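Please read the structure below before turning to the comments.
Each chain gets a letter, A, B, C and D, in the order it is written, and its residues are counted from 1.
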Amino acid sequence: MEKIKVGIVGGTGFTAGELIRILLYHPNVEISFVTSQSLQGEFVSDVHKDLFGETTLKFENLAQPADMIFLCLPHGESKNWLIENEKRIAPETKIIDLGNDFRVDEEWNDKKFIYGLSEFNKEKIVKASYIANPGCFATAIQLGILPILKQEKIEKIQCVGITGSTGAGKALHQSLNFNWRNDNISPYKTFTHQHIAEIEKSISLISETKTEINFIPWRGDFTRGIFVSLMMESNLSQAEIEEIYKYAYKYSKFVFVSASPIDLKQVVNTNKAVVYIEKVGKNLAIHVAIDNLLKGASGQAIQNMNLMFGFDEKSGLNLKPSVF
Amino acid sequence: MEKIKVGIVGGTGFTAGELIRILLYHPNVEISFVTSQSLQGEFVSDVHKDLFGETTLKFENLAQPADMIFLCLPHGESKNWLIENEKRIAPETKIIDLGNDFRVDEEWNDKKFIYGLSEFNKEKIVKASYIANPGCFATAIQLGILPILKQEKIEKIQCVGITGSTGAGKALHQSLNFNWRNDNISPYKTFTHQHIAEIEKSISLISETKTEINFIPWRGDFTRGIFVSLMMESNLSQAEIEEIYKYAYKYSKFVFVSASPIDLKQVVNTNKAVVYIEKVGKNLAIHVAIDNLLKGASGQAIQNMNLMFGFDEKSGLNLKPSVF
Amino acid sequence: MEKIKVGIVGGTGFTAGELIRILLYHPNVEISFVTSQSLQGEFVSDVHKDLFGETTLKFENLAQPADMIFLCLPHGESKNWLIENEKRIAPETKIIDLGNDFRVDEEWNDKKFIYGLSEFNKEKIVKASYIANPGCFATAIQLGILPILKQEKIEKIQCVGITGSTGAGKALHQSLNFNWRNDNISPYKTFTHQHIAEIEKSISLISETKTEINFIPWRGDFTRGIFVSLMMESNLSQAEIEEIYKYAYKYSKFVFVSASPIDLKQVVNTNKAVVYIEKVGKNLAIHVAIDNLLKGASGQAIQNMNLMFGFDEKSGLNLKPSVF
Amino acid sequence: MEKIKVGIVGGTGFTAGELIRILLYHPNVEISFVTSQSLQGEFVSDVHKDLFGETTLKFENLAQPADMIFLCLPHGESKNWLIENEKRIAPETKIIDLGNDFRVDEEWNDKKFIYGLSEFNKEKIVKASYIANPGCFATAIQLGILPILKQEKIEKIQCVGITGSTGAGKALHQSLNFNWRNDNISPYKTFTHQHIAEIEKSISLISETKTEINFIPWRGDFTRGIFVSLMMESNLSQAEIEEIYKYAYKYSKFVFVSASPIDLKQVVNTNKAVVYIEKVGKNLAIHVAIDNLLKGASGQAIQNMNLMFGFDEKSGLNLKPSVF
């Protein structure tokens, strides 16, 4: 089978690195180019040092012709890039934006970006040319609440989530200082995390009721993964709720409802999500674990690419878990 | 000044170890004995290896005469010990139980155990002969909610808390397996943690309203510390709430209301608690950090002892933070 | 292409888990059976919980017919298993033993076990029916010293190596207690590690001189990986030595000589090894990093299987690094 | 007893923070000032956040009169500071430099700096006005080798040492990036670490033989502590060597020869060192563990101050270990 040509714009960051790691061994794909303005001409494996011996790709200055382009730019810069490169991109080139530029405002000029949460949007993704790839916390939280919100009105949901340090990206700042972060826990952006907007938008599409999400993110003392515990009141029984979730993810290749307690490392270094449901009295807890860089970013992006091009949804994503 | 004689019953576990570490350099105290049924005759520093060079104490089989005895037995065994040792203990000997036997049911035979949360119970502690030392999560949560519950009716509070591995004690089981726990997060006892009972009892003493506490504990991938984030709705302003908390802890030697975001390592290896308050709209978040083995167990026990004997409340508790 | 049938004997441990994780997506292989005497009939994914959703395999009591069997038994039990199962195993079934039973004493009954260090033994492995898979530290150390020992007489080599906790296997004991191991370093088996024997045997095959290996292993506070630093005196220049190593690994698919300093996480969750050479005066340092469970165990075993069956040496081993 | 006045120059870094943490509760000392040119007027507890509630000290621009000044400046800047502040410092003010300016070249202008390794230099320290405080790795290595080098000629010693991240100081750079450092091991400055010079100087004072030290430092994935394993050949028996070390540290308050295997966390957050000796054949291994910021820096500095002023050598240094 002929392979599609894929390019990555903004190739030095973490999400780009993860894309390259997966795409190098994706059976339907050939990496056509990886751009970096600051490191043009340097080996990709000089930045992503684990790729030493895996690839001799070099960073290029500009995007090249491709069937599929992943934008891995800082939040807010995808629009600028699209304007500047309008003439370089063939109209048939498909684009997945891993930034947050088009997650809430999907319409932009003549382009319509489809929200790439495939578990709830697969029909549109399959036909899409432009995808806004969901945020990492937004993915975990939505996988945890959308199934029940389709079935039951819930006014308010409380959530605490914890993220690995890779969620903070590559730029060095104090919250990434090993001296500080090792063995530490700290909250940030209490009730004001930017991912709430895309979650609320998704809810508005499936329910007439507004659901308030109170979300406190914590910085965790590990590198990979997101774990969220969601609390709400429900009139449904545990069995009914489990039925709803099993049905919602019946055909999912990556999301699994667990019958026993879950932990974060079940999914680290995979594109999987695990969901665990507990009900005590009227109080419902839903726990979700994902890898923030995979199901929460680059893995999900490739899952979307697979759907857009009619590849097996798991193509390239049969990843060995690290587990330990 | 003459030193009081202090004994520790059940000397091999973590809370006993912490007591010994502090008491060795407590200016008003002399360690009279440390018991262990299984390790009688062995050096205390063979079990608590960091004490090598600090003490030549050996474990004894039975309690000896003392002014103060700390019970560091498995939960549920303190009562048995008291029955079995009734004749060995002089009536004037004061007792602090670090287990959970008397936290909710304070009356037992002729003894009345006072709940040892000194920030809210100091007057009784000062006069007490028997203290039920609070649980670790219970301490963090109560320091976070009791001040506002004294002032405002709040029906429901959601809480996620994370604990270091020392909270699980010394016995080896799978949740303490380094292979599993390192870099991992996992929930346990969702909505059913045993500390809820003592929290609800404390609330019942200060408020006529019942407040429901929905608490999800997580196992953290660090050894020391507890961090809790509490969520509730409040009609008070952030300024009013901060005022309430500053007033509540005005004379506290160990609890501090922080004006800037807090993190767990600010208090690790100290008897301190830090509290941080955030309000967005009607939603209130209160974050609390303590060291689970100190303010959450042995440090608080010594603080109670200091109060019971009229020592400086900080005596022996001016601990160098480890910070890093 | 028809797939070979592969079985795993002793399927609950770490090396078995890693084999399963890789074999599930190995294009030339079908897992025929996984045995466990204690867990017969249970789902493999109940033990290796990250495989939830990946496989519905159950543990079987006995080995079944297969083209290839991996023995993942405790050290010393492979011989017993071979005796007990002699009649169940077809003579054409190939066997790779991940234990240490046949690493030094290769001849056993009518069987000859070939030492499976493919970088130095590929010709024999390709034709072998029985493989003794090298130990984890032994792999790292040999990759670091065999090239130079072929060229230069070196009397004595000093080595400190550090291993992740998975090296200690699955059984729970104090050295795996998170409370103790987190943030800790400790030496063990100073100068007496069992892997020295297989290293000395390899040296004896390539050099007439005996080289003394003084090896101190440390327990590390991480789960995956081995890092060794080897010190020796050499009369060769840094350039000459680098040339020797580049030549030795010129055709290797997994071992790479790095031009810049290396770190452990470059290879974690891959079958790769990286080697870094430094010379100051007459003193030579050679640093090697591998993943103890992959290049140091299960990955190397599959590499050997690939060679034995004429598959692409990298088949199934294009693993996404976890990096972080 | 009247307290001496102590000042700290360069108060924002890690060694200064540790000094303040200890000095706040040192019974013979009053902190007179802490300087910082960039943060003049700010609260010390805004930088060292764990000190929130412990002190209301503010950073000052200039040194004030004091009995004792600790210099916590970047390596190489102590000399400049002494020149610039010559007129501000009273001649009777004692000085301990925690930098490396005077460790090898002790004579400077009219001042003679005494090397502050009290276990081998106590007589001079007691009378000294100026102390060059030893480096962290230098302290661990010297405690491990000086006793035997006094007794036996040893030509060559190999050493691998691992350091916590606080050894790299406070400035943020890539080796302190949590994403990279967590669960990672990496060597640096192989055979060229700057502490070798001060070790060789100490050896030259006790032995006519030159001993070559081959030292490879590793960056560890923890924050506090140094662990070194030293390898050498010895003609003495294990019992003889243990005797030598026990004698050497017989009166030491902080250095202990352990009869059983040691680990790093035995000494973390204390001023202690533990030494463990193993001999197999002619090969000798000596393991040493210290806290890099305490016995390896600020704790040792205070120990030196105690000796210089005739205080109890342990004054202020009865620190509760963090252990876990």
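Following the convention adopted for this analysis, contacts are C-beta pairs under 8 Å (C-beta built on N, C-alpha and C of every residue); 3 or more make two chains touch, one makes a residue touch a chain.
These figures come from a predicted structure and were not determined experimentally.
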> If you tally contacting C-beta pairs, which pair wins, B-C or A-C?
Replying inline: A-C
> Greatest Cα-centroid separation from chain A: which chain?
Replying inline: D
>> Taking the mean of the C-alpha atoms as each chain's centre, how many Å separate chain B from chain C?
In response: 46
>> Based only on mean CA positions, could you tell me how far chain C sits from chain D in angstrom?
In response: 40
>> Quick check: how many Å separate the C-alpha centres of chain A and chain C?
In response: 34
>> Using the touch definition from the top, which residues of chain C touch two or more other chains?
In response: 14, 165-166, 179, 182-183, 221-224, 263, 265, 268, 324
> What part of chain A is in contact with chain D in the complex they form?
Replying inline: 14, 165-166, 170, 172-174, 176-179, 181-183, 221-223
> In their complex, what parts of chain D are in touch with chain B?
Replying inline: 14, 17, 21-22, 24-25, 48-53, 164-166, 182-183, 223-224, 254, 256, 258, 263, 265-270, 272, 274, 293, 318-324
> Tell me, which parts of chain C touch chain D in their complex?
Replying inline: 158, 160, 162, 179-180, 182-188, 190-192, 214, 216, 218, 220-225, 227, 229, 231, 261-265, 268, 276, 278, 280-281, 283, 285, 287, 289, 324
